[in-house]
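In what follows, structures are represented as structure tokens.
Heads up, the next two complexes both have subunit A, just with different partners, subunit B and then subunit C.
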Partner chain A sequence: MEARALKPVLGVYCAAFILFLYGPMIILAILSFQGPGGGPQFPIIEWSTYWYQHLLGMTPPGRISRLPIGDSLLRSLTLALMTTVVSTVLGVITAQGFRARFKASGIVFYLVILGMIVPGVLVGLGMALLTNMLGIDRSWWGTAFVLHVVYTFPFAFLVMLAIFNRFDRSVEEASLSLGVSPVQTFRRVTFPMIFPGVLSAMLFSFTLSYDEFSRTLFTSGRDLTLPLTIYGTFSVEIYPNIFAFGVLTTLFSFTLLLIYALLMLRAVRSAQSFKGQEEAE
Partner chain B sequence: MNDLELIGVGKTYPDGTVAVSDFDLAVKPGEFVAFLGPSGCGKSTTLRMIAGFEDISNGDILIKGKNVSAVPPEKRPTSMIFQNYALFPHMTVRQNIGFGLDVKGLSSGEKKAKVDRIMEMFGLSEFADRKADRLSGGQRQRIALARGLVVEPDILLLDEPLGALDANLRRVIQNELKLLQRELGITFVFVTHAQSEALGLSDRIVVMNRGRVEQIGTPHEVYASPATEFVARFIGSNAIIEGSNLSFDGDAAFVDTAFGRMHGRRSQSLAPGAAALVAIPAEAMRIQPANSSAADGENRLRGTVSMKHAVGSVGHFKVDLDGRQSVDVQTGTDNEALMRLAIGDAVIVDCPSDRVTLVARG
Partner chain C sequence: MMEIAGEQIRSAAPAMGEDNGVSPAERRDRQERRTALMLISPGVLWMTLFMVLPMIMVVYVSFWTQTTFTVEPKLTTDSWVRFLTSSTYLASTWTTVRIWGIVLLSTLLIGYPVALFIGLMVRNQTLQTALLVICVIPFWTSFLIRVIAWRPMLGTEGAINMILMKLGIIDTPLTSLLFSEFAVLIGMTQIYCVFMVGPITFMLSRIEPSIIEAARDLGAGFGRIFFKIILPLSLPGVIVGAIFVSVMVLGEFATAASLSGRKVNLLGNIIVSQVGSLKWAFASVAGVILTVIIAVVITALLRVVNLRKEM
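Then we have the complex of A and B:
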């Protein structure tokens, strides 16, 4: 009785949720196909891929300047990759460290987590003041990079902590007891088994860094990252070429996600069939 | 030289909990030793100290005369078998088994020959290239054994290796294990909480309780002559009766109990005049109707039958002695007169004194 009454409510809730989640994106996607004379709003004057061509520099030069994203896109990708590598490595090592309970591990835990809790603007501002005081130049690959790591490392750490939480230590012990050194044991036994977790940690770090705004705002120096550049273009005038870019970058993210899902599926499938066997007995 | 020696080994955790204390043991080459005790008694901790997975707090562990107390697990000549098999899920059967050989500096030909031989021995050849996950529990336990043995350890450490198997498979693997150990002549140290496994498999049993060794002896010694109250209660099915005012006469010992004077074997650790517990194995007792003419046995106890059931060739009686204490009696089922006994019938239970053990209380 109750369930039947609840069903439509849940249905509406779910529809609203999806609408709010994807609605903005869908609007952007539709508007990105605006014709050359149209603005960043409805109605669509004429359907075309003009703004995509404009974005990629395939239209004759005109009144509207091209989005200055080439360099900043490269910067953001590089920064996200650097952050991914450093945060994931740190996350794995730290989580590995937390497997052995040590003194003050509670305090260290909260110190690490602090990086994702404190407001980004404050940290960014603080970093700017600090570097000013010390006379250090700010740059996207220096000051901003450090803050990106501080921000994403806790996520990678938490993911790895959850993975290690369910990790069966006896498998490593079996390896050690066969005479295999701890380093080789990590490389050949532990790492392949935690790989799905490592992938997740990488994905988190990458996406968080790629569109980080508040921490980067005060710390990236002269050369801007992609989110800052796009924000900068808003202050002039908005054209649908931004929407076209939004669609492309979303597609890029989805591709990343797809690769992640495929890798994950492969890793989980082999791990799961193993567990299933054990439970089947 | 002993294969394994534990000298005053103890383990105390940082929070002060004592897991193991004063563990002394010398294991001869080729011996099959079982650590037996309830969960939490320190048997697994001791095994893990031998393997090197737990630091030891006191004492020393010697393997083939060499002190290994400070040697890390991968440098000890031991190999450990885990209850959950601990196979490497991302490797095939062959890779699992050959894993320990990879670091031994063998040529690939030598390695392959060794792995092939041991897979043959364990009947695993046909699964060589399958992932270990596609196999049954028994097969996986065989892979774990093969993996542990192919590196030719001096001592194989087994931590409840049969615990995850069902009863039938457990019996099969248990027999295989016994044959294997005899064939290879490798020293086995086996941890279990199941007395049937310890009694059936091992040359010697170390009975443990609360981190202490209660008794070390052959399965027969431990079964027939329990050294402590714990062993008497934990192993087999003993009736325990409180006694006092112990006295000796040659090899015989006497105590006064609520059911009269009882007579057992002399025990080394007890002093005259002390309180003692009388331990009588259920299957050593004889039960007969109270009005029976044959009333000549030692250690006679009067009581009434309070429970009776028979499973195949084994009959179980519970005999109530005085309303407060009862004893379990195990008999055959071929005696018609016995099988006719009903609940409430008065009976006499007796037991020859050479089957009765006296142990200290506590």
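Then we have the complex of A and C:
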């Protein structure tokens, strides 16, 4: 049978594809342990953690200037946090609004989705032009922040829309008909049920904003965010310290992912124990 | 938002007086619609102010008068004429379209077999999910780091040259790997391929195995099954993947800036460099042209398949 012969072939192909996806990062991780005098390529002259120390400012100042990551890291984290809060709130309430049928829902849907489609360099340019005309100063916490929300809000919205679509309305209606106020109903009934979705929306918003740079490029003003600092090294010669940075920032993202997975697991477990109670009654 | 909320209060007042004429269900519907409008208005306002308005601004400023360091709101088509008559800029428009086409094709050709394996051949749900997660994990690495990771791979003293020389395939290192169009193409293909794999896998995993079995029982060969059943059923996935890849590749500039050594200038790169030298009107023209290209591409892709019907 042709198809039976095809399966192992495609399996090997798939493995090769995964190698293609991971190869550059693996090489980068290996090269981050380059010795002090070594360049950003093979051979490794000596295995060391020199470039990690260099990155963290623990080496004596030398010919190669340090990556200015301290302040920009703080800025990026703050910005990502602000973006997460606002875009998650917007995502939840907009999706909540979409549960009722209204006339303009089609247009509103596309308006929101457009935020993730429009290239960052275009909205960034537009925002820069707008602030130029209005005479507003650009800053990472102002102009860049609102664009980050424009980008991450659609993701949060789509996640919440998917959650609300699979949502049992009768539980909420029961609460409302028992005389619980709408606000209390949302807090005590709706929110616990949509919590996994909220968590996913937050994860999306945070990681997208933390890594976003094309929207930040024209709008962050003088102070750089972390991706802009890295982008700055594109035009000059690169050293293994940027590789060391790549490894560290990847580890940071994995930590976030792990926290998310743990929280998700807890939410699923508590939902299950709730179900168990119901059945026992 | 405040205005809309105010309107609701005003419109709520007469509604209460009309209670006798309106059924309770209808009243509840109305109430619901009002709450819905209130809930969506902050999001709509945000998108209008911070996305639609800036985009309108790009179109508007593309007709402004450019002086050496600033733009004046005196309407002119000078920037447009300059762009459309300059061979450099037309060439970069063509480069953008060409790179987009090649990357779209390569992500499809490289990604489709992977999706075929994960979505159709692997029928174990856990393994299927695990494979997809493995494909998605690289996205938790910074995009710029993923771009820069290709430098030690492709350089003259890079990993690929080293391996090829060790294997005795080449004697002298290939110098055209890095800082060339090839580097941009391979970098983009690697970074965006997963956006093609994901949607296609999703569509393929929804195909009923009994359909393929039935075709096989009736004597259809794999080629026939593929072209008559698998490919048509996976087409919506291909289109969604193509939209993802197109939108991202067309708006790109970082990969070209890092890996092409200034040999590849996409429209995105033109915008960045023009803004850098304060040529706002000119950057806007490039922006409008980019927007038009993206709109045409998406419209064309949506023509192929009616996504609303398929999903």
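Couple of notes before you dig in:
Simple rule for what comes next: the second predicted complex is superposed on the first by the 265 of 281 C-alpha atoms of A that agree within 3 Å, B and C clash if a C-alpha of one lies under 4 Å from a C-alpha of the other, contacts with A are read in each partner's own complex, and residues count from 1 in each chain.
Keep in mind that, in the parts below, a residue touches a chain if its C-beta (ideal position, glycine included) is under 8 Å from a C-beta of that chain, and two chains touch if they have at least 3 such contacts.
None of these values were measured; they are calculated from a predicted model.
Applying the stated contact rule after C-alpha superposition, one finds that A:Leu10 touches subunit C and leaves subunit B untouched.
Ranking subunit B and subunit C by residues of subunit A touched puts C first.
In the superposition on chain A, A:Ser139 makes contact with neither subunit B nor subunit C. Judged by the touch definition given at the top, the superposed model places A:Leu114 against subunit C, while subunit B stays out of reach. Touch criterion met: A:Leu178 reaches subunit B, while subunit C stays clear of it. On the subunit A side of its complex with subunit B, the touching residues are 168, 170-171, 173-182, 184-185, 188-189, 192-193, 270-271, 273-274, 276-278, 281. On subunit B, the positions that touch subunit A within their shared complex are 51-53, 72-76, 78-80, 82, 84, 86-90, 99-100, 102-104, 131-137, 144, 147-148, 151, 157, 164-166. Partner subunit A is touched in their complex by these residues of subunit C: 32-33, 35-40, 42-44, 46-58, 61, 73, 110, 113-114, 116-118, 121, 131, 134-135, 138, 140-146, 148-153, 155, 157-159, 162, 190, 193-194, 216, 221-223, 225, 247, 250-251, 253-254, 257-258, 268, 271-272, 275, 280, 283-284, 287, 290-291, 294, 298. Of all the residues in subunit A, the ones that touch subunit C in their complex are 2-3, 6-7, 10-11, 13-14, 17-18, 20-25, 27-28, 31, 39-42, 90-91, 93-94, 96-102, 108, 111-112, 114-115, 117-123, 125-130, 132-133, 146-147, 149-150, 153, 157, 207, 211, 213-214, 217-218, 227, 230-231, 233-235, 238, 242-243, 245-246, 249-250, 253-254, 256-257.
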